[in-house]
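Below, chain A partners chain B and then partners chain C, in two separate complexes.
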Partner chain A sequence: MSHVLTQEKPNIVQRLVRDHSPLVIVLVLVFMAICIIGAATAPNFLTIFNFKTIIRDAAIVGIMAIGLTFVTLSGNFFLLSMKETAALSIIAFATCMAAGYGFPISFLVTMGIATAAGAIQGLLIGLGGNPIVVTLGAAGLFFGIGSWWSDNLVVSFRRPHGAEWLGTGSTFGLPNITIAFVIIAIVAEFVLRKTSFGRQVYLIGANRAAGRATGHENFAMAIKVCIIASICSAFVAVAFSAQVSSAHVNYFSSSFGSSGDMTIMVIATVMVGGNSIMGGYGSTLRSSLGAIFISTIDNMMVLHGFNSGPRVLAVGLMIVFSIMVFALVRRGSRAEE
Partner chain B sequence: MQPLLKLTNITRSYGAIQALRGANFEIMPGEVIGLVGENGAGKSTMVKIISGFDSGFKGEYVLNGEALHFSSPIQAERAGIAVAQQELSLIKTMSVAENIFLAGDKVPTFATMRSLGRMAKPFLEEVGLGHIDPRIATERLSVGEQHLIEVARLLAHDPQLLILDEPTAALGESDSIRILDMVNRLSARGKSIVYVSHRMDEIFKISNRIIVLRDGESQEPRQAADLDVNSLVELMLGRELNNMFPVRTPITKTGEPMMKVENLWPDRFLERISFDIYPGEILGLAGQLGSGTGDILSAIAGMTKTRDGNLVFKGHNFLPKTPKEAIDAGIAYCSEDRKHDGLFLGRPISDNLSSTALGKLSTWGIRSDAKEKAMVSENAVKFTVDSSRLAQEAGVLSGGNQQKVALAKWLAIEPDIILVNEPTRGVDVGARAEIYQKLRELADGGAAIVVASTDIQEITNLPDRVITVYRGIQIGEIALEDMTAATILKEITDPFDETGLLEGELA
Partner chain C sequence: MNKFAKVCRSIAVGAVALTVSSTSIWAEGSIVSFNGPAGEAYIGKFIKGIKSTAELKGFDIKVFENQFNQAEQDQQVQQVLAAGQLPDVFIWWPSDAVAGLGSLRALAKTGIPVLKINQLPNEQDKKYIFGYAGPDDRLRARNAGYMMREAAAAKKAAGGSGFNVLALSYPHSYGGYELSINAFKEAIAGSDLKIIGDVDEGFGQANGYKGAAKMIAALQGQSIDFVYGMDDAILTGGIKALEEAGMVMGKDVIAVGTVCNGDKQLIEEGKQFGTTLQSPLHEGQLAIKLVEEYLATGKLTNYINFTPNPSVTKETIETTALRGFDGKLYSIEELCSGAW
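So, the complex of A and B:
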């Protein structure tokens, strides 16, 4: 009896060996080994406090990656202006705060600017512009405006201010930015899975021509997803500004000491999550997990005392790794006549 | 005589799917073998194995008396086996001569366009394109001519065995005739040819012997002269196909037309066209490839712009500017290329089936999974799509099942008019009959169906009424009682008695 059962239901190891190529299994095993060894030997890695730090670090990139995932899933590639949208937004927010408008007005003004920034890019992409060209152009435009507006200086505003709850506040021991990340991740995943808008994102991403033929035009879609991505960028900018009570157009550039350029980090996060670069396949959940994954590795390397060079290298390796594994897994799953 | 190629007891499985189980194949030098079977019967797998694209098979592969097992298509090519794929692999912006010598064999290190052209000329003549300047860009030729160029390129390798995988699937009648002529010419010169096709008439016209595949098993090769269409279909299906086309009863056109097409002027048309579409009928638009029949449909569906014109639909003037407007009005449209804009191949079948009616399934933008599931499985059953496979990607389905899904997705909007361009291109015989049956049922249910087709058998036997089109000109209307292949062919190929080209065909 038990013999029959094992034949009908292979255990998880048998299933893995059957369904995946040896290369995938070896790659994943090697990677897991590195992670486990790294985690076991890093000082203070396995502490609650450190896990909180990891998620917190993941939040900034993660929120932006969730926004960008909508663009990628809908087949509109990437916005290369994520960092510059954030730069313009942070200047707008800090300037309004410094002028004493208070948090709600400053927040709404920033979101308004981000919406306009997204809409312009979406409009041009929807009309048939190449997303790379359009958003490269837009990146220059936004950065230029932000730089001009702030005279390329740091704009600071005094504590106490109305935005501290978002920047440095916490609830039940969890930083509010972490809570915001979780809420945004859940809402985004709900939108993708359960709404007709979410389904349209997948359909247009999977086949734009068929999307058009079934009544889902990319024109409106491009505008919507670009606005979503821009708003996510702006939200991160606001949270960041609220934390440091200041703003500068270079806060999201690699010259500002973070490990890598923000736009590249966000795109890396979307890729590491295993979202299809061509659109139609993936989820925001993947991007969220990608952010946490990158943040975990980064954290481990910091604890081991690596400086930013090797850490950026590690992010690059992770992208290559995930592209290989996901490509092999996808290819193995198809039986074609 | 020793066979040129003999495959014995070939078995190939992909995961759980057994594509071939103990199939045999053989071909003599200078012979034309017709390889036929339904979609999924293993034709493509057989072709892949013969041409070295698939090395993971078990069985015996003997070429010229020598047992071989190719590990790559290049090895097969060197051994003298060439395959012309269904999809063209030409570089369209390059010249004809450059395409012919794309692989670079026998080309000197320094070659001018002129010397390449001289070298290309004999191969072009061999495929019947001697009149073409080898220096023009390939994209300036018709699709049929491009297929011939593809064959010319293979001939440049001097193969012993040539495999043509559905060379005429995308071609109109006169281009198809050129391909068949070429096959006859090549076999007369001693080349062996494997001809894969869904078109029965062609198979019988050119094959010496026919090999039938069914469910991965092969039948004994049979002399083409010993078979007729019915017995061949029976061999392919393993059962008798009583009636491929549903019975037609003459329809009395009563009441108002469902849609009046008035002075519509789509691209490719030389003059405006007008006709009426009645509820409950299947209207056929007959024309050769490139005649413009498909452009009429895409213009009505809002897919392409028209220069001018008007539709009167349900008593209102109406000309859709986007597909969405047409869909909202109840007009469904399937193009001739389901992979391009008919299906979301990477998405589950259920997503495909509900893609047209997301609004209906949602309240406040939030989709009801229960409603979707109910609607999708109902419509899948109506089009005999296996409802246990709804979660699978549409891309894993066979051509026939894909076409059924592409059509079934429109059931969700309960359309009044269904426009279908090439309803059964690349679809096997069994699925074909089911699609015809379903279209007839939809018409009986009160919908108006307009079918554009270049398949002469289909356009003669499916519609209640046919409008003929020749090179962007509306020629005439043929009623049910006058509908024969001969009358339709005459109107779509030579309506003005310009040539005696088809006299031999019609006789």
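So, the complex of A and C:
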């Protein structure tokens, strides 16, 4: 006589209840309910045009967040110089454009400067410098250079110019900066998941000692990820300058967005995406979705007629909420282990 | 004491000595100005104006910049007062007029006259200052409203229809918002113009773009025929968003701004109907002119002194010029703080 042991496969609800604490589930459900009600009641929310607006809005912060995610995943926390790297880059780009060098040369010069900016920070972090301290110092340095270089004035270049396709152009009805965001998100995710470099990022971020034991030092990794983050900042700077045909060191300062400081917004986006601040866990896809998520909430509130005060409050609450849920989920999964 | 500590002590002593020596050489007719950072385009030009005019008039001026931070500005005030080497006049541009009242009171308590600039005096700080120099948010917005009225009347006369207005505003918590929007509303009252949306994404071009893009989505089904930008930087971003949404500026939508901190080319191309000038250079010059007048006579002819806010359109942009308080004639290029 034979006995066949059968184990019924749990459905999605059972899996959710099994894998997460009741508090997390309640919090997520409440949040989802708020989003659904908001979307259903916000006029013109569910339109193609509005979805394009949301993604376009998310692109600037999203691209920078993708770059910063490499730094965070590698266990090097954050670059607090994202905004200032963009400030220096935008001055470099606009100065070159105003001097008549054309888009390709201006772009390459800007990327060269951003690469140097990233390499310097990566070098110091790789040598053991505290990422917070190093990048705070670098932030002052980059902003100061940009400010001195431009004499604190707006640098403008006249239309038509060779960068308009990036700043204001569109393809198949989609703004080119939106397309760039999607491409960068896909490429970044591919690099992280499918290349040995990507696996090294996770390895060093999750366990630096294990990385060292397998011949992967943080020194080289810190330089590489800082360069990636700086180049993403510079790309955003180029796109923004191309859009408005000008540059100023303060274009990315605290008045950027109703949600506050650009660097803080980028860090918040990485955190809302659920990436581990300690490294080794997360993805650029999460950061991209984090940017879209924040943009969606902000958009919904505008459609409901809220002014900037409540919107800043909502984004702040959302960030706290996301980090809290993430921490609870992680704690739950660690307890299971 | 180890070597490092000795070096640190030497540097500290040197820095103190340098500070004392630099503050003990006040000339007759000295000014201390507390204002925002030169890194901001408008304030950068203001500082240039105030310094060059002070030099021209023979004043010794020291400028203390804060990063839009009232706590930092309060600390600077305490440092200046503690140093004991007081100037003949203080120029006060508070980072936050309400939160900075304590510092203004402390400055006034020294007996040194204080000139307030940029932000209109309120009832509380009037007793601590001898006058005001700066822009008039209301006049600027009113002129923008009149320009839009003029454009609307021309549109109507040509058989056009559609007079919906989108306002791209300063943050609603900012003091200049209420003054601007109320003055603008007064100016367009009784016309066909009607405000159908008001978004306050924030200052600057990026926020103007984002705010306008969201409002275009929110107002789908209604036409946006006119756009009022509380300043040209916000409006410049807004115009980009409207263009990306397929609207033809100057034809489908008529845009009017203020301050001249945006993109001059938009006016030249007819994409922006007009703006009202607000010259940071004049603001700096006017402040020094009033200091000179007060020190010479002990009073001001006018307690409130506004900088001029002339309107500029495509037709007048190349010919408009303003005479400075130093007697020189300044072109548009020199007057504005934006990408001009």
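To be clear about the criterion, the second predicted complex is superposed on the first by the 322 of 337 C-alpha atoms of A that agree within 3 Å, B and C clash if a C-alpha of one lies under 4 Å from a C-alpha of the other, contacts with A are read in each partner's own complex, and residues count from 1 in each chain.
The working rule: a contact is a pair of C-beta atoms (placed from the backbone, for glycine too) under 8 Å apart; a residue touches a chain by one contact, two chains touch by 3 or more.
All values reported here derive from a predicted model rather than from experimental measurement.
Once chain A is used to superpose the two complexes, chain B occupies space next to chain C without a clash.
In the superposition on chain A, no contact is made by A:I12 with either chain B or chain C. Using the contact criterion defined above for the overlaid structures, shared-chain residue A:S196 touches chain B, although it does not reach chain C.
Of the two partner chains placed by superposition, A:A40 touches none, neither chain B nor chain C. Rounded to the nearest 10, the superposed model shows the Cα centres of chain B and chain C diverging by 130 degrees about the centre of chain A.
In the superposition on chain A, contact is made by A:T168 with chain C only, not with chain B. In the superposition on chain A, contact of A:F49 is made with chain C only, not with chain B. Judged by the touch definition given at the top, the superposed model places A:Y251 against chain C, while chain B stays out of reach. In the overlay built on the shared chain, the residue A:D57 is in contact with chain C alone; chain B does not reach it. The partner of chain A that touches more of its residues, comparing chain B with chain C, is C.
Shortest separation of chain B and chain C in the overlay equals 23 Å (C-alpha atoms, whole Å). Common to the chain B and chain C contact sets on chain A is no residue at all. Touching chain B in their complex are the following residues of chain A: 194-197, 199-200, 202-203, 206-207, 209-217, 280-281, 334-337. Taken together, the chain B residues at the contact with chain A in this complex read 14-17, 19, 39-40, 42, 44-45, 301, 303, 322-324, 327-328, 333, 335, 340-347, 351, 354-356, 358-359, 361-362, 365-367, 369, 395-396, 398, 409.
Interface of chain A with chain C (complex): residues 43-44, 47, 49-50, 53, 56-57, 60, 143, 147, 151-156, 158-159, 168, 170, 175, 240, 243-246, 248-252, 254-258, 298-299, 302-303, 307-309. Every residue of chain C that touches chain A in the complex is listed here, in rising order: 38-41, 44-45, 68, 171-173, 199-207, 209-211, 213-221, 236-237, 240, 243-245, 261, 263, 265, 337-340.
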